[in-house]
Amino acid sequence: MIRLLRSWPAAIGLALTLLVIAAAAAAGWLFPRDPLGLAGRPLIWPGDNPRFPLGTDNSGRDIAAQVFHGARVSLAIGLSATAIALGIGTLVGALAGYYRGAVDLVLMRITEAFQTLPAFLLLLVLVAVFGGSITTVTVAIGVVSWPASARLTRAEFLTLREREFVASCRVLGMRDWQIMLGEILPNALPPLLVYASVVMAGAILLESALAFLGLSDPNVASWGNLIGRGRGVLRTGWYVSAIPGIAIIVTVLAVSLLGQGLNDALNPRLRRK
Amino acid sequence: MSLAVVVLKRLLASLPVLAIILVGVFLLLQAAPGDTVDALMAQAGGGDAASAAQLRTFYGLDASVPVQLARYLWRLVRLDLGFSAIYGKPVAEVILERLPATLLLTGSSLCFAVAGGVALGVLAARRLDRWPDTLISLLGLLFYATPSFWLGLMAIVVFAVKLAWLPPGGFGSVGEGLTGLDRVLDVARYLVLPTATLSGIFLAIYLRIMRASMLEVLGLDFVRTARAKGVAEGAIIVRHVLRNALLPVVTLVGLQGATLLGGSVVIESVFSLPGLGRLAYESVVQRDLNMLLGIVFVSALLVIAVNLAVDLVYARLDPRITT
Amino acid sequence: MTAALSIEGLSVRLPPGADREFAVRDVSLAVTPGEVLCLVGESGSGKSITASAVLRLLPPGVTVAGGRVMLGGEDLAALSESAMRRVRGARIGMVFQEPMTALNPLHRVGDQVAETFRTHTRLGRAAIRQRVLVLLEQVGLPDPAAAARAYVHQLSGGQRQRVGIAIALALEPAVLIADEPTTALDVTTQAGILALIDGLRRRLGMAVLFVTHDFGVVAEIADRVAVTQHGVVVEQGRAADVLNRPQHPYTRALIAAVPPLAPAPKRPVSDETILAVEGVSKTYRTGAWRARRVVHALDRVSLALPRGATLGVVGESGSGKSTLARCLVRLLAPDAGRIKLEGEDITAIPMREAARRIGMVFQDPYGSLNPRRRVGELIAQGPMVHGMARAPAMARARELLALVALDPASADRFPHEFSGGQRQRIALARALALEPRVLVADEPVSALDVSVQAQVLALLADLRARLGLSMVFVTHDLRVAGRICDRIAVMKDGRVVEEGPAADVLLHPRDSYTRALLASVPGRDWTPPLDAPAPALTSSLS
């Protein structure tokens, strides 16, 4: 942890992450009313009315309330989708890398199929089939985001399984699952942990794009939804789209900086170069 | 391994991948609530059950799923993508109309992202930990965190609305009957903003990888050998480091071909470009599943083609592949 | 004779946070034309840093803190960077340790040699090409034209090192610096490279600064020797004097640790065979279609290990010795033949039962212990896998640590807190935890410094006597094999070419390959003096 804070990306990342978490936590307390409910006159510019520090959108909803509640949505979707993606990816990658041969061949062809089909296109198909509720969107994002982590896990397992400490465990008579879970996985975890930040940043961006196109859950205060609605008044009220966009940037920046700091802390050798 | 073997291997490996995608997506779409006929009836403002059944027979939707799948694959083998009920045209025809915009957008974005990313990455690595490096790395981080559609909207506000330098959307001026070079320049003007916005995140990624890869290669033994020969630092970068450092970037371009195509869905929608991506979005909204399946097929083919090209470039850069 | 290169009072500073302030402190050396000066020391002695400091090719953060490097009346330490570049490759050539990575994989070999000419001369294309071909021939590459066209991955390790030498010698520099140039090579290849360097310095009258850790190599090639310890030269003198009459205690200890190329005193060997290898073959097939290659890693190997004896399996890389070791512990399955443990076919013994009866120690003391587990746990793992409860298993681990001469309190620490030799002791304790009757040791001392190597070998000899262990000892080093083995089997290309009592194989080899192998051992004619005291076992906890 101390090593983590010594690098500036990590320090800034941590600060921004705490900011986003604080916003998400304070949303219910600062804006107890439904953020999507009618609050006032439409298109009040930020600063014009002290009741709405960030103004209102084209249907008269409070933008500040949507931004704070949107932090909850982004974090929730980001975390759950990342957990799903890493879960699938680690399982697939571990099996492929440890057993190699036919298992590897089949699993890698499936992974390649997922990487050949554009993730966003597959996401559209999934949403078209299963609908755009927040749960299905989250699961769908997780399902389209796993291939890269599977490849990463596989590469780690492929090298680690050749290491002598794994061979020595086999000589001691340990079983496959004991070796995979107890010996290889803990050593493969650090790069995966770092990669989780990339997956999470991607998941947040995917959800916002989907919401921007109006294909995500319309009953949720998502930043992407707000940007999409602001598009209609881009010429006159560009701030409606601009403000939630900045919120997305801050969140994604926070997550990726944290990941970069984690990486620096785990690989001090690279930082020194 | 000769170049022909490289190509052959990639193509052979692509066949099962293509099959997995097509069968998977086809079966997935079977689970969709409502089919093309429902969409068609809804569009027409309703209709009776008898004509719906008639239409289902016409489109072959009354057969069992395996039969439909087999029919679909057999038609694909003959490059027949079926008929779009919504557009009233063969799917292939609609896709071909939409393909040029997407190819232009993704192609120009890819070139811009690779060229810019590599150049900036080299510059950052050369000025390690000094202000150009810090600035470039910061810009990279910002671009990486910015949603492309938002970047597009803001670009429209600044460059089309406020400054009025560039058109806010569309794919060439309509009704002016431009030809030849004028037409090319006109289309190029319309592509500036979409290309810049779509390439942003990819530029950030390539710049990061290139920088890291440069630093990695600079620490390798053969660079020390070159220094021991008395080769000047600039010549070491050009002759020894660049080519080696490009390899991971090339690999990444291949891996991200699909992501780029996916990104064009949103960008085409922001800039009202008549491309494949917007077609996909429209098909989802209009529940034109046949069209969606056709787009999936064509997208997969495009990505496979990109990967093939990347393999060839890699083989050209790295003699270990072919010797 | 005036020195071609002299280092005067050189000090090199390490970056803050390193284990010591100076990598090299107040080192003075001089090499005259036509002379080979060997800079010898163990890892961390600063010998490679000294060599790199001459050309100012130090790693980032490492800086010259004082002293002069004189080349033909010029102080290199004071030159500008561009003037220094005109020295590198032209007046001083350098050869590096790792031939696998020292050359650019993407360029043709000929272009990489030509680069030296293009950098320092105004020769035309054709003239350079001609010079490159002559050079490649001079360094003993059989087909210079083909070698010039080849890429690095198409050459063997020895061939790559010859290319490295060609690059260093292209402009016939006055001084050649060779930083462990043969350490990564097989012994027969090493002999060729040493002969090449020796011949070239005679013909060109070069001064050679040769960095090595191997006293055998010193005996083979050095005119004069400088011994370094912790960045300080502790002894310097004529090779014959330092090798046979070492003065400084550190030199004496180092030389005493070098095993002589001779069999150890004979031990009584049992008639009973505990482990028998009968016609074992293992074939690898790589590539596909026309590029398909078949490698016979093991080709009908038959060997017998008498109970309580140590059987050395000696060979160069690719001889199949490690494959054999891995077949014995069932990490690999042979394609043909049988392996019998106490008369039983090992494939008939359940995997976990076999694990109790045959243990293994690996080469890499850094790679063979899971870095995320504590030492006690690592040792207790074996018994626990086989059903022992945690508490007694941990108690057993502490006993075992004492057995391998480590502090039992080490159980709570992680592997990275230990030195290479200590880790190898931990690995040994781990392998012994299941009380195996047979121990397979795959190059267990190859990654260790010579003094540590002597201690681990002494420990192994002690344990096998106390525990009645039978051992299969795989090594590439005939000196090490001579020190510990009762019988020696020599392997080449997957076959056993000769097998017999250690004394017979080492002193009266029958097979031509064994003879070639023995003839290639550097410093074979030098017998380390026995008067120097052997390093004490307890001093290993450094």
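By written order: A, B and C. Residues from 1 in each chain.
Here is the rule we use: a residue touches a chain if its C-beta (ideal position, glycine included) is under 8 Å from a C-beta of that chain, and two chains touch if they have at least 3 such contacts.
Bear in mind that the values here come from a model prediction, so they are computed numbers and not experimental data.
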Leading chain pair when contacts are tallied as C-beta pairs
A-B
At the largest C-alpha centroid distance from subunit A we find chain C
For the pair subunit A and subunit C, the C-alpha centroid-to-centroid distance in angstrom is 48
Centroid distance [mean C-alpha coordinates] between subunit B and subunit A, Å:
21
Between subunit B and subunit C, what's the gap in Å when you average each chain's C-alpha atoms?
50
Which positions in subunit A touch two or more other chains at once?
273
Touch list for subunit B against partner subunit C, complex
1, 220-222, 224-232, 235, 239-240, 243-244, 317-320, 323
Show which residues of subunit C lie in contact with subunit B when the two form their complex.
55, 57, 82, 85-90, 93-94, 96, 98, 101-108, 115-116, 119-120, 151, 153-154, 164, 167-168, 291
Within their complex, state which residues of subunit A touch subunit C.
163-165, 167-174, 178, 183, 186-187, 272-273
Considering the complex alone, what residue numbers of subunit C touch subunit A?
60-61, 326, 329, 331, 351-352, 354-356, 358-360, 362-364, 367-372, 381-382, 385-386, 427, 430-431, 434
Would you pull the subunit A residues touching subunit B in the complex into a rising list?
109-110, 112-113, 115-131, 148, 201, 205, 208-209, 212-213, 215, 224, 227, 230-231, 234-235, 238, 241-242, 245, 248-250, 252-253, 256-257, 270, 273
